[in-house]
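Chain lettering (A, B, C and D) follows the sequence in which the chains are written, and residue indices restart at 1 in each chain.
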Amino acid sequence: MSHIDLSVNLCSIPLANPTILASGILGTTKAFLKRVAENGAGAVTIKSISTEPREGHKNPTVITFEAGMLNAVGYSNPGVDAAAREFSNLQDVNAPVIASVIGTQKGDFVRVVEGLSDSQFSAIEIPLSCPHTPGFGLLAGQGTPEATFAITSEVRKVTRLPIFVKLSPNIPEICTIAKAAEDAGANAITAVNSMGPGMIINIEAQRPVLSFKVGGVTGDALRPIAVRCVYDLYKAVKIPIVGVGGISTGRHAIEMMMAGASAVGIGTGVYYRGIDVFKKICGEMTQWMEENGLDNMNKIVGVAHD
Amino acid sequence: MIEQPTMVKICDIVEESPGVKTFFFKYNLLFDPGQFVMVWIPLLDEKPFTISYMQKDIMGISVLKRGAFTHALHGKKAGDLIGIRGPYGKGFQLHTNSNACVVGGGIGIASLATVVDKLRDVIVIQGARTVSEIIYQKRFQGMKLCTEDGTAGFKGTTVDLLKELLKTHNLSKVYTCGPEKMLYKVFELCKNHGIDCEVSLDRYMKCGFGICGQCDCSGQRVCVDGPVFTTMELNTLEDFGKTTILKTGERVTLGNR
Amino acid sequence: MSHIDLSVNLCSIPLANPTILASGILGTTKAFLKRVAENGAGAVTIKSISTEPREGHKNPTVITFEAGMLNAVGYSNPGVDAAAREFSNLQDVNAPVIASVIGTQKGDFVRVVEGLSDSQFSAIEIPLSCPHTPGFGLLAGQGTPEATFAITSEVRKVTRLPIFVKLSPNIPEICTIAKAAEDAGANAITAVNSMGPGMIINIEAQRPVLSFKVGGVTGDALRPIAVRCVYDLYKAVKIPIVGVGGISTGRHAIEMMMAGASAVGIGTGVYYRGIDVFKKICGEMTQWMEENGLDNMNKIVGVAHD
Amino acid sequence: MIEQPTMVKICDIVEESPGVKTFFFKYNLLFDPGQFVMVWIPLLDEKPFTISYMQKDIMGISVLKRGAFTHALHGKKAGDLIGIRGPYGKGFQLHTNSNACVVGGGIGIASLATVVDKLRDVIVIQGARTVSEIIYQKRFQGMKLCTEDGTAGFKGTTVDLLKELLKTHNLSKVYTCGPEKMLYKVFELCKNHGIDCEVSLDRYMKCGFGICGQCDCSGQRVCVDGPVFTTMELNTLEDFGKTTILKTGERVTLGNR
């Protein structure tokens, strides 16, 4: 196995392998980040942080269905001050840590980035694409090219860390928005956030199951949509792409990278296959590459394009 | 395992004490003692409760009235529907041939009730603040009681009572559930006596299946990796007995109860 | 079972039950329509017809994945003249037949509707929402409120049959478009068409599987999105809604109707459960209604709303 | 069953005749004689071919060069990859204890080849326009041949030859595949003689799994309900021998071949 090299260099951040824990999955505490890194993730992302603490939506907030998962957690988070305490001394985590930063106003993003600047984060991710939290993302108009440009530019001014802008799969003009992010100085695109929103109704209760009624769809259902987004983005922007959506096997990861992703985010996969999904995916990738005579990730990224 | 909330009809309600009611419903769910279900009241909320009764195809949960959700549950009548999904988590490991003791503080006894049902030959300690809070008195005859105010049984805490017990009994296993400060003391006491201990922890829960990251205890997901942890595991959990995580995700020092 | 009544009245078309064969599934020949009706469908829709014959995209055109199906058939159809021959004497089909009409220009819709006017169709469906055929639907800008209004108005002038406007789940403003259709005289909304598009890459071939590269996602993956669309539309328009997307069981059908659908379309369900999926769904609905003490569809439509 | 095209490596290619090549690949697929796979050439197209060889874990398809796709297939070399999914459809029902005859017209013999392999004791008729089109001569020794131009075997059609055969043989079952006009004649002939007949039909195919509606024959999906139909079924198929459906979905009268 030794001659297969899974490492990637993402905006000058060296990752031992291309699997990244997606934001909002387990990334609530430093202890979880450590555990996920021990289970093989090449990098880990914290759950999104806002200026003030947020309780999020009431339960049920996450529910599974035949084809994936539906969630409306509502960006619960302890706020930037408590987060700065929780995520200190990040060198203890055995993989680069990406901060996820949210806000309702441009200034919020700046305040959170500044509040986290003493922590040893390796990059800042800004999701402008949540489909189910009032005041944030799509519900606050952050998913337009203009807003994306404006927010990214502000964040650019206050950090020298790589900025990843996270986009929604819902928007037909995903490439236009990605270009706006690139123009504003983003260093990578994270594609994609959850899609929809969707709704699941419990027919005996005659009511939507999620307390927020609707939630973002993730997992298997999202994968073909995410792969298409990454395929389109690969042609549209020059900066690298982190492909996220429905990845839970080595084959899925390779598919996403062939579409054009330089690394892959994994969320719902933790549910499908356990916390060691990262190790499993890397093992499967290594085996497939051996069988198919490929020895490093450059032979894979973007090769599905003519 | 039920993935999505399934509506079940409450077929019976038993008032165990002024503050605690047991809700029974017909459902045949395979579960291990110590596992829990998420209980849904549509348009309100969904919260975790351990299965406290299992008789053929009738299950029960025993609920202490605390805040909005448990108040609403206490308002339910027989015939009403509630949603359940689960069972979730890792339950207790039962060894029938050991001198076991079950130590329940407050409503914690509900999480231990099916352990007692299964092991049968086991010492049961139930602690409460006062006599009116004691439950399951008919169910578990010969239970050793303790109350803070001395209105029933031993006057003092479950830890004090367990200490007394250890003077005369040779225990090989302790199962416990209750306020975390108490759990920590039980755990320490057992460790000092070389007794294997299994502890059911309580953390704020959302998903219940190990995804949302809400229920952290030193990197363990209490909903999936727990809620029951063994002595060996507890030794590595720095947060145990010290900090917990609020609904916002903020880490706070554990209160005294 | 006899006291349970599954019949619905959809724009004055009486349906024995609310299940409708969705457009593009088996609706190529009159023989298939007959067979599907014999298998219990309350109504059937023909595969979309354009003015001229179309060969569609090359194969692979339809492919399944864990969470559903991906298709880019490319609107293959024999053109309106051949279709008028194929779909004559529709009284032989034991259920109302809905014509699906497509065009690249407003005038095309009119020509097709007129060309089919001698057949005994019960309604005209116009899908303005295909995500994967150049010249049609979303790729031709037909999914805007303006275009929807314009096309629907033209069709309204040349037919007295009920008009169903079929919408895409991709578009955040689905309610605005539905209102435009309603204002232009549509009698029902069909929601939804396939979503995405999505892409599946064969990693050994290093190429997208569909010859058109991308295709619309249907089946289980689509259901929560479709249910949410119908839930939103139910509040936005007064005309009835035909809910389509991922329905393959009686529970799914009831869920869709509780969200607000007056009837349900079934496509991918034919793959999941066979041609008799209609009978199966009706059986399951009947049994569920018995168990839950409901005896007709009025007790179900829209009840998930507060 | 393979849902999505799986790339397999061509391990051997045999030229059966100037126009027909058999492509072998390693793959262990359970299938019934008469079932087919969809063969994919990335960036080009994907078309149906019956499995014509099955030896342990080696499968083969025999392909007649006709248009763009089969030309491209004929250009493949050993070591090249092609995609396959399937097997699809309903194959032949084999009864080993019957006096069976297999009647193949043109490349239709490829669809019948594994029937012959399985039944062994069976009369095989292969018809072609001329001797150079005859295939499988070594594979099926004792095959009865017929050619339109008389360059090999009986001069005339497979139907003529079958008629001759019926004078001396008591057949209880006929399996046939080839041009539909021929199939219809074989079917009629068998009907008149009270012989059970199974016919493999050919329709333009897209999905292969019964969804797209392309392959209609009187309401039957040739890809799923067929391609093999029995006498009883054929009696109800009005389109059989009369009309077929083009790629556009247009219904046309069947040509003479």
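Note that in this section contacts are C-beta pairs under 8 Å (C-beta built on N, C-alpha and C of every residue); 3 or more make two chains touch, one makes a residue touch a chain.
What you see is a predicted model, and the numbers here were worked out from it, not measured in a lab.
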item	value
Whole-Å gap between the CA centroids of subunit A and subunit C	34
Rounded Å distance between subunit A and subunit D, as computed from the means of their C-alpha atoms	51
Gap in Å, rounded to a whole number, between the CA centres of subunit D and subunit B	67
Of all residues in subunit C, the ones touching two or more other chains	65, 200, 204, 207
Shared-contact residues (touching 2 or more other chains) in subunit D	43
Pairwise touch network: line, ring, star, complete, or other	line
Each pair of chains that touches, named by its two labels	A-B, A-C, C-D
Interfacial residue positions of subunit B with respect to subunit A in the complex	3-7, 38, 40, 42-47, 81, 83, 206-207, 209-214, 216, 218-219, 221, 239, 245-251
Subunit A residues within the subunit B interface of the complex	24-29, 31-32, 34-35, 47, 53-56, 58-65, 69, 71, 73, 76-79, 82, 85-86, 200, 202, 204-205, 207, 209, 211, 267-268, 270-271, 275
Residues of subunit A touching subunit C in the complex	65-68, 70, 138, 170-172, 195-201, 203-204, 206-208, 213-214, 217, 219-225, 227-228, 231, 246, 251, 254-255, 258-259, 288, 292, 303-304
